Amino acid sequence: MIRVGIVGYGTIGRRVADAVGLQKDMKLVGVTKNSLDYGVQIAKQRGHKLFCMDKERFGSTESEGTVKDLIEAVDIVVDCAPKGKGRENKDTYYVPAKVPAIYQGSEKSDIGVSFNAHSNFNQAQNQRHVRVVSCNTTGLARLLHLVNDGLGIRRVKVALIRRAADPKEYKKGPIDAIVPDPIGLSHHAPDLKTVLDVPINTTAYKVPTTLMHVHDVFIETINAIDHEELLELMDAEPRILLADPRLGFKSTAQIMDFGRDIRIRGDIFENVIFKGFTTTSREIYLTQAIHQESIVVPDNIDAIRAVFGGDRDESILKTNKTLGIGKLIMS
Amino acid sequence: MIRVGIVGYGTIGRRVADAVGLQKDMKLVGVTKNSLDYGVQIAKQRGHKLFCMDKERFGSTESEGTVKDLIEAVDIVVDCAPKGKGRENKDTYYVPAKVPAIYQGSEKSDIGVSFNAHSNFNQAQNQRHVRVVSCNTTGLARLLHLVNDGLGIRRVKVALIRRAADPKEYKKGPIDAIVPDPIGLSHHAPDLKTVLDVPINTTAYKVPTTLMHVHDVFIETINAIDHEELLELMDAEPRILLADPRLGFKSTAQIMDFGRDIRIRGDIFENVIFKGFTTTSREIYLTQAIHQESIVVPDNIDAIRAVFGGDRDESILKTNKTLGIGKLIMS
Amino acid sequence: MIRVGIVGYGTIGRRVADAVGLQKDMKLVGVTKNSLDYGVQIAKQRGHKLFCMDKERFGSTESEGTVKDLIEAVDIVVDCAPKGKGRENKDTYYVPAKVPAIYQGSEKSDIGVSFNAHSNFNQAQNQRHVRVVSCNTTGLARLLHLVNDGLGIRRVKVALIRRAADPKEYKKGPIDAIVPDPIGLSHHAPDLKTVLDVPINTTAYKVPTTLMHVHDVFIETINAIDHEELLELMDAEPRILLADPRLGFKSTAQIMDFGRDIRIRGDIFENVIFKGFTTTSREIYLTQAIHQESIVVPDNIDAIRAVFGGDRDESILKTNKTLGIGKLIMS
Amino acid sequence: MIRVGIVGYGTIGRRVADAVGLQKDMKLVGVTKNSLDYGVQIAKQRGHKLFCMDKERFGSTESEGTVKDLIEAVDIVVDCAPKGKGRENKDTYYVPAKVPAIYQGSEKSDIGVSFNAHSNFNQAQNQRHVRVVSCNTTGLARLLHLVNDGLGIRRVKVALIRRAADPKEYKKGPIDAIVPDPIGLSHHAPDLKTVLDVPINTTAYKVPTTLMHVHDVFIETINAIDHEELLELMDAEPRILLADPRLGFKSTAQIMDFGRDIRIRGDIFENVIFKGFTTTSREIYLTQAIHQESIVVPDNIDAIRAVFGGDRDESILKTNKTLGIGKLIMS
């Protein structure tokens, strides 16, 4: 039984906490909160024990102790703190306490071994500091690992059309603009290369939407493509879903609407590829949608097992089963 | 045991179907679908029996029969078809089959007795054709019934700032504009008067958001207001929630984010009033947010009971308990 | 000939600079820029002399001197610096240099005499520090001054539905939310009272649009209303435009589209009232749209003349004529 | 003197009308309107003669005659009617009247010779029915013609991130979604090939913005790239602008804001390429923004001259000079 603590109970932390709670080989000890907002009600409603980052700020009555108390009681921490805070927490708390930790993709890659369950599980085995790559990189790693294994990749170009804010944010824009972010090639390609070695270049744009990122993917393959075989390959991978526009999946709006009916928080842990994409003899032109709030959740669970020497395929199978991955039907 | 059929398995139909399934005194016989979109997967995943509106369009293999087969097997229909279709269905199916029916607020008010659980339950008792008023009218009826009972209402002016499209819609705008809809006084005041007799005028605007309607409410009361007593009055009504901005409830975004963590589909069946509103001796200036997709669900359930002569308070209590209304804490 | 300097060449500054240039009794000496962005190109294209706020930051080659050099060469400054900077500039530059100044409505009201051309021109005559009230307050002052003069005002309630960001901004949101800002009564009513004494309460919301603010206005009048006479009253005021939805003016989108065809930058200096509003015997329910970027431009020009003892009606006439106010036809 | 009539006085028609009015070798005879909306005021304000498409609908007093009267008085028509109407107008009016016509890119390509001033002017010389390709295709043709001439193109992949509605539209969405439109390869590549023969594939997405289309362009060249030389090549082409983000051009928002200060309607007739794009030895990764309302205006003017046997370079020079193309400085 792996005892797990979650540091940071925000968008990712809430989801990983629930996912840990569903694993038979793990036990959720508690979660930390930084301030007394509505996340406290959510944690309470789920019966999570609350620990505070800063006693003064948090107030006295609500918490079971501080982040240090939580760390002492766990075998591993999943750090879901905001960008840059993971590094601070590593130095301040985890290294001194000699506790291993999982970090999120918003931390710099030198914080530990970068990780994606499908593409490099084994590199994280028995490591103490592991970084689950970001939502966009996770989505790219899953897809490109599959295509690389199946067809060989000669070259990839992806344009990432990014949601500019999460659904809960109300101060971030733009309201009516498209923002190249950055101008020129983006960091997503080099970030992907920390977990998967394929020749890729990426560009990225922010647009005024909150629901999902969209990847415009162009792949040149080494081997010839059989479209039906490629669909079967995708269909066989539970963390990839094919969405059929004839069933109403015309945009990110319907995907998230479907998610709301099927899973709590409307989470779509899977890459969603729009069916009807184009292939030529050695080229793939496809579009995938990535639910930025939840896609990394299964990989966080797998990363925990990797740290304790778990087996890749066995972990993925367990995670998929407990999170209901492989059951959704979108085509 | 009231046997219920749902005609129209869209935004409202899906939710009412689930709510019916939670009632001990009701049994969901089945739902109708008009086309083979992803709603079919949702219905199957929930184990609902599917009936089709149009056999040819629907195909042969999926359905248990047609809408006529469904109607024969039920004691009452809840019609959740798109605007105007309820009237057609009444004439084509329900009246000939002598089955009572509940309609939605997008139908014209002469389709039956207009209904809101709190303000005029008894007028619908033992009626055969009952129309649950729209999301905006339901939100107004709940609030103003409460204030009218508690303080007496001399006059109300509401500006409705409406979400222009539901989350699943992708063709409706505006993208960057504010639309007076209509110019001059809106239909919401006369619609409210079909269920609650208070002096009110309303104006309405469409704005580029999908999450919730927002009501800017100005009430002049007959009796003097005690702010704390008013808060207690609101707190005592389970279908009204007070949201405290100090907990992070700063806009409709955080309300719906909270909803996603707590209820399937993120539904908020309750009026959400932002705490910190202003009162003077006989004036209230408050803002409430209305989740257009789900607020009418409890009233649909109550309307079913009203048709079969049920008791108002008993019905509201049952509905609240089964739907978890009265348990959320937002302040 | 009044020699005018503009401090701050942003959204307002650019417009006031052009407007000053059109006045026969004024001369634009120059404008200050804080950084070397595209505003510099705009200023050059118009032949404005450039002065810099900070020589180091600005670089050496572009400017004719510093802000101090500009101030020495003018009779009055129009300060269009960002919120709070006007106060700093007053203390640092204008008071020591004994130069009178006009400020914008984002500055606190104690910076000088608050000003609206129609409602309190005379209070600013021969004052040295005058604050033109904000876009929203200017729009309210014009309308309510007119109605108060014509019909007497017993009470006003306005819900302001505000554009959340200007067209040129790309970081501000929300993207998909409605934000009560603030919860409870807003500052617009007290701000209006600095220039016009009417009984008013205001509430305000931010919504995801960039084009115009919209005011939902409810007025209770003292005298009985004749709808046609009220329309004529409005029609007779050049700074108020009636827009007829039958000509396509259905939302803020078409108003600004029309503006783009008619005036440089698409500026609409006038209040735009949607025709077809509702009146009862002593109540007005109307909607006006306010172009936040330009509505205060004529009042800035009038404020300059007020400081030098000019006559109200004569100034308004001159300003209207030079800016083309009174010529647009929207109904 | 070429006598020109404009059929359809909407987004494109208004702009082409003004542009025709600026040419010394052309005379604007009049424009047609289909309904009595605010476009009538705009036409009047500019002194354009108005003709009506449908006398009954239009009313009697406003027009100088019907579309047939206009056609009789001109040497050429520029048809700016909505999608599909150009074909109708060709069959109903232009062919019977034996008048040559220019059409817009929303018409099918078999309506006449497709045209882009830079890439295939000569193919349209002395033709009677010429189709100026759409805004997106025009933007691609200009850029790729230049790169093809300078470096040779081995392959192009473009992801078009499209504004979903024009600024004046208020009914079109999405509000909060990204829409692959279509799924798989888009029609833009085949459309481009009607005017320029380069190996290209395109994909396209609609996003919730109104300002500009954005092209994510990946070009593989035949010859080696010198980045500075490429910049100079672009700089030398007046219909291409380089926008420097260090001057504040960070998104489509600032480009259009700049446009509003410089040209009536804020028109940006030029392709705007964000400076700071990436090149490798034989690859270009760049982003260009396309003002969908105005980019085809110069090409419409050039198309008129092509029909009458004009010379390509001479026409482009005249058009550029009269429209102020080549004068904007964005870097």
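Should a chain be cited, it is by its letter among A, B, C and D, assigned in written order, with residues numbered from 1 in that chain.
One rule holds for everything that comes next: contacts are C-beta pairs under 8 Å (C-beta built on N, C-alpha and C of every residue); 3 or more make two chains touch, one makes a residue touch a chain.
Given the structure is predicted, the values throughout are model-derived calculations rather than measurements.
Q: What's the farthest chain from subunit C if centres are computed as the mean of the Cα atoms?
A: Relative to subunit C, the chain with the farthest C-alpha centre is A.
Q: So which has more C-beta pairs touching, B-D or B-C?
A: More C-beta contacts join the chains of B-C.
Q: Between subunit C and subunit D, what is the separation of their C-alpha centroids in Å?
A: Here subunit C and subunit D have centroids separated by 35 Å.
Q: Mind checking the centre-to-centre distance between subunit B and subunit C? Centres are C-alpha means, answer in whole Å.
A: One centre to the other, that is 42 Å.
Q: Which whole number of Å gives the spacing of the CA centres of subunit B and subunit D?
A: Taking the mean C-alpha position of each chain, the two centres sit 47 Å apart.
Q: What positions in subunit A touch 2 or more of the other chains?
A: Those would be 167, 169-170, 174-177, 179, 208-210, 250-251, 253.
Q: Draw the chains as points, connect those that touch, then say whether the picture is a line, ring, star, complete or other.
A: complete
Q: Subunit C touches which residues of subunit B in the complex?
A: It is residues 157, 159, 161, 163, 174, 176-180, 182-185, 201, 203, 205, 207-212, 214, 216, 218, 245, 250-253, 274-278, 283, 285, 287, 289 of subunit B that touch subunit C.
Q: For a test of understanding, state which residues of subunit D touch subunit C in their complex under the given definition.
A: Going by the criterion above, the answer is residues 14, 36-42, 45, 167-170, 175-176, 247-251, 253-254, 256-258, 260-262, 264-266, 329-330.
Q: What residues on subunit A touch subunit C, complex-wise?
A: Residues in contact with subunit C: 164-165, 167, 169-177, 179, 208-210.
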